[in-house]
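Two complexes come next, and they have one chain in common, chain A, joined by chain B in the first and chain C in the second.
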Partner chain A sequence: MTISRIEDVQFGEELPVFDPDTSLDNVKRFAVAAGWNRPRFTDHEAARAEGLPGALVPGIMSQGFLAAMIHRWAPDAEVQLVDTVFRAPVVVDLQYHINGVVTDIDEEEKLIEIDLTLTNDADETRVFGTAKVLIG
Partner chain B sequence: MILDLHAHSIKSDDGRAKVQNYCQWISTRKVPIDGFVLTEHRQFDFESDYSTLAEKFGITILKGAEVETEYGHVLVFGVTLALTRAFDFANIHLPLALVLEASEQHNAVAVPCHPGRVRVGMSAHIDTYGIPEGVRIVETYNGGSRGNEDQIAQKMAEEQGYLGIGGSDAHIVSHIGRCATRFSHDISIEAELTDALRAGDFEAITFRENA
Partner chain C sequence: MLDAEDLAAYAATCGELAPRYTQTSHPDYQAPPTIATSLSPGQRMPIGFPKIAGLGMDAGKAVCSMKPIRPGVTITGKSHMHDIYTKTGRSGRMVFFVIRMELFDPQGDQLAWADTSVVIREKPQS
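Take a look at the complex of A and B:
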């Protein structure tokens, strides 16, 4: 189900969970497309040599996943802000889940706020944030 | 009575939650806590008055602080104007001994939080500075813990004879109440909270599924 009117949004409403493709191939494609092609994102060994747990999913790619998740739920919405706090590395080739839930509704301004969390299989939060979204 | 003893609002630099939305979330989602303590980073929020919200939602809202020491982060409950003059809450290099001593002198209670976490937790600094004197309570359940951070905290508490509290460390609305502390008596003001903490009449609890 997609959302197009703010009247249809409820406080506490959960967006469909999204499991992003964090495979090395996908991250490599993104890194090249974004002009941010560095070994720490595209090569596990090179990343470990830097003291990282493995190649990292670029932060801007995680933010893209978050924004895309919102647009899948509300295709015509205007995502005004995705504000993220990176708490722990998001490692390439590991499984993650993105959850979103509506935590504020301003019907007058047609603005909602969404809590966003990117977690691993152990339910540990790696990235959290909020989005401000204008819905028609 | 169950209180989440560790939460941040938009008053903290990395907090994204409005207090009103915490209340709305607890009420709508039936989060099994009776209230929470706002422990803003490196400051005490004297100006905000949440009494109207607390009354509207039937939720206890108290205020504390989270300060930074050489042993990592420390929650302070029962903050007064006099205590904020005893040391600089904004200083990120506070001596833990000063925070503990000043808190004791001003009837406040200082509690190292997420002590099992690297860099910002107490256990990470014991090899360097030794076991600190004067700690009685640590946070043994933290809603933001990863890996075995809570287990490290619990092991340290057991070995050192510390009591444990729980807090969500929520920075966004939907994380409030993930961990909390159960008290046997009602608490409605900060002085009652510090009395209960000093009496040791509490237990840390978690609502996280994977804890």
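Take a look at the complex of A and C:
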């Protein structure tokens, strides 16, 4: 079910979980489109040579995942603010899951706040953020 | 100036499904709302800013979208040091720098701002 009116949003509502595509092919396409085509994002061996655990998903892509997740739930929503904290690396080709929960609703301003968390399969938080979103 | 096809690829690879971000022919076609964080200022720190010895890391990013950013429009970015603060933990002191870039269209209207937080863990004094 998608959301189009703020009246349909419930406090504490959980957004559908989104598993972003962190495959090397997808991250390479993103890196080229964003102008961030650097080996640490697109080449596992080159990243390991820098002391990293593998090629990294760029932080700006993780932030893009959060906004995309909101639009999948509320396609016409206007994402006004996304504040993101990078707690640990997000490694290319590993599985991640994004959860979101509505933490505030301002019906007068038609604004809601959503807490977003990107975790790995071990349920360890890699990225978390807060979004302010205008809905209908 | 941003390229329409690149913006569509940016949005699609992030998992966007909304046509106004993924279809260049859409009448309201625009960049995804987090695009401002991908734009890097050529000069990040102010000229003459002191160097702090230590390991620098990207600690976070915040982006505020005020108006849609469209392809083919000249965008001007202005950056400044927005905040500096410290946190001290068991492993020593960490210094956080927040660099804010503001984006404007040719009419001077602000389109967005994007903050990049860089943390430097100070080297312990020997």
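Keep this in mind: the second predicted complex is superposed on the first by the 136 of 136 C-alpha atoms of A that agree within 3 Å, B and C clash if a C-alpha of one lies under 4 Å from a C-alpha of the other, contacts with A are read in each partner's own complex, and residues count from 1 in each chain.
The criterion applied here is as follows: contacts are C-beta pairs under 8 Å (C-beta built on N, C-alpha and C of every residue); 3 or more make two chains touch, one makes a residue touch a chain.
It should be emphasised that the depicted structure is a prediction, and the values quoted were computed from it without experimental measurement.
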Which superposed partner A:Asp123 touches (first chain B, second chain C, both, neither): first
Which of chain B and chain C A:Asp83 touches, first, second, both or neither: both
Comparing the two partners chain B and chain C, which touches a greater set of residues in chain A: C
Partner chain(s) touched by A:Pro75 [first = chain B, second = chain C, both, neither]: second
Which superposed partner A:Val32 touches (first chain B, second chain C, both, neither): second
Which superposed partner A:Ile60 touches (first chain B, second chain C, both, neither): second
Touched partner set for A:Met1, first chain B, second chain C, both or neither: neither
Touched partner set for A:Thr103, first chain B, second chain C, both or neither: first
Residues on chain A lying within both footprints (that of chain B and that of chain C): 83, 85
Contact set on chain A toward chain B in their complex: 11-12, 83, 85, 87-88, 101, 103-104, 113, 115, 117, 122-125, 128-130
Chain B residues touching chain A - in the complex, by the definition given at the top: 14, 16-18, 21, 24-25, 28-29, 144-147, 171-175, 208-210
Complex interface listing, chain A residues touching chain C: 18, 20-21, 26-27, 29-30, 32-36, 59-61, 63-69, 71-72, 75-76, 78-86
Chain C residues within the chain A interface of the complex: 6-7, 9-11, 13-18, 21, 32-34, 37-38, 58-66
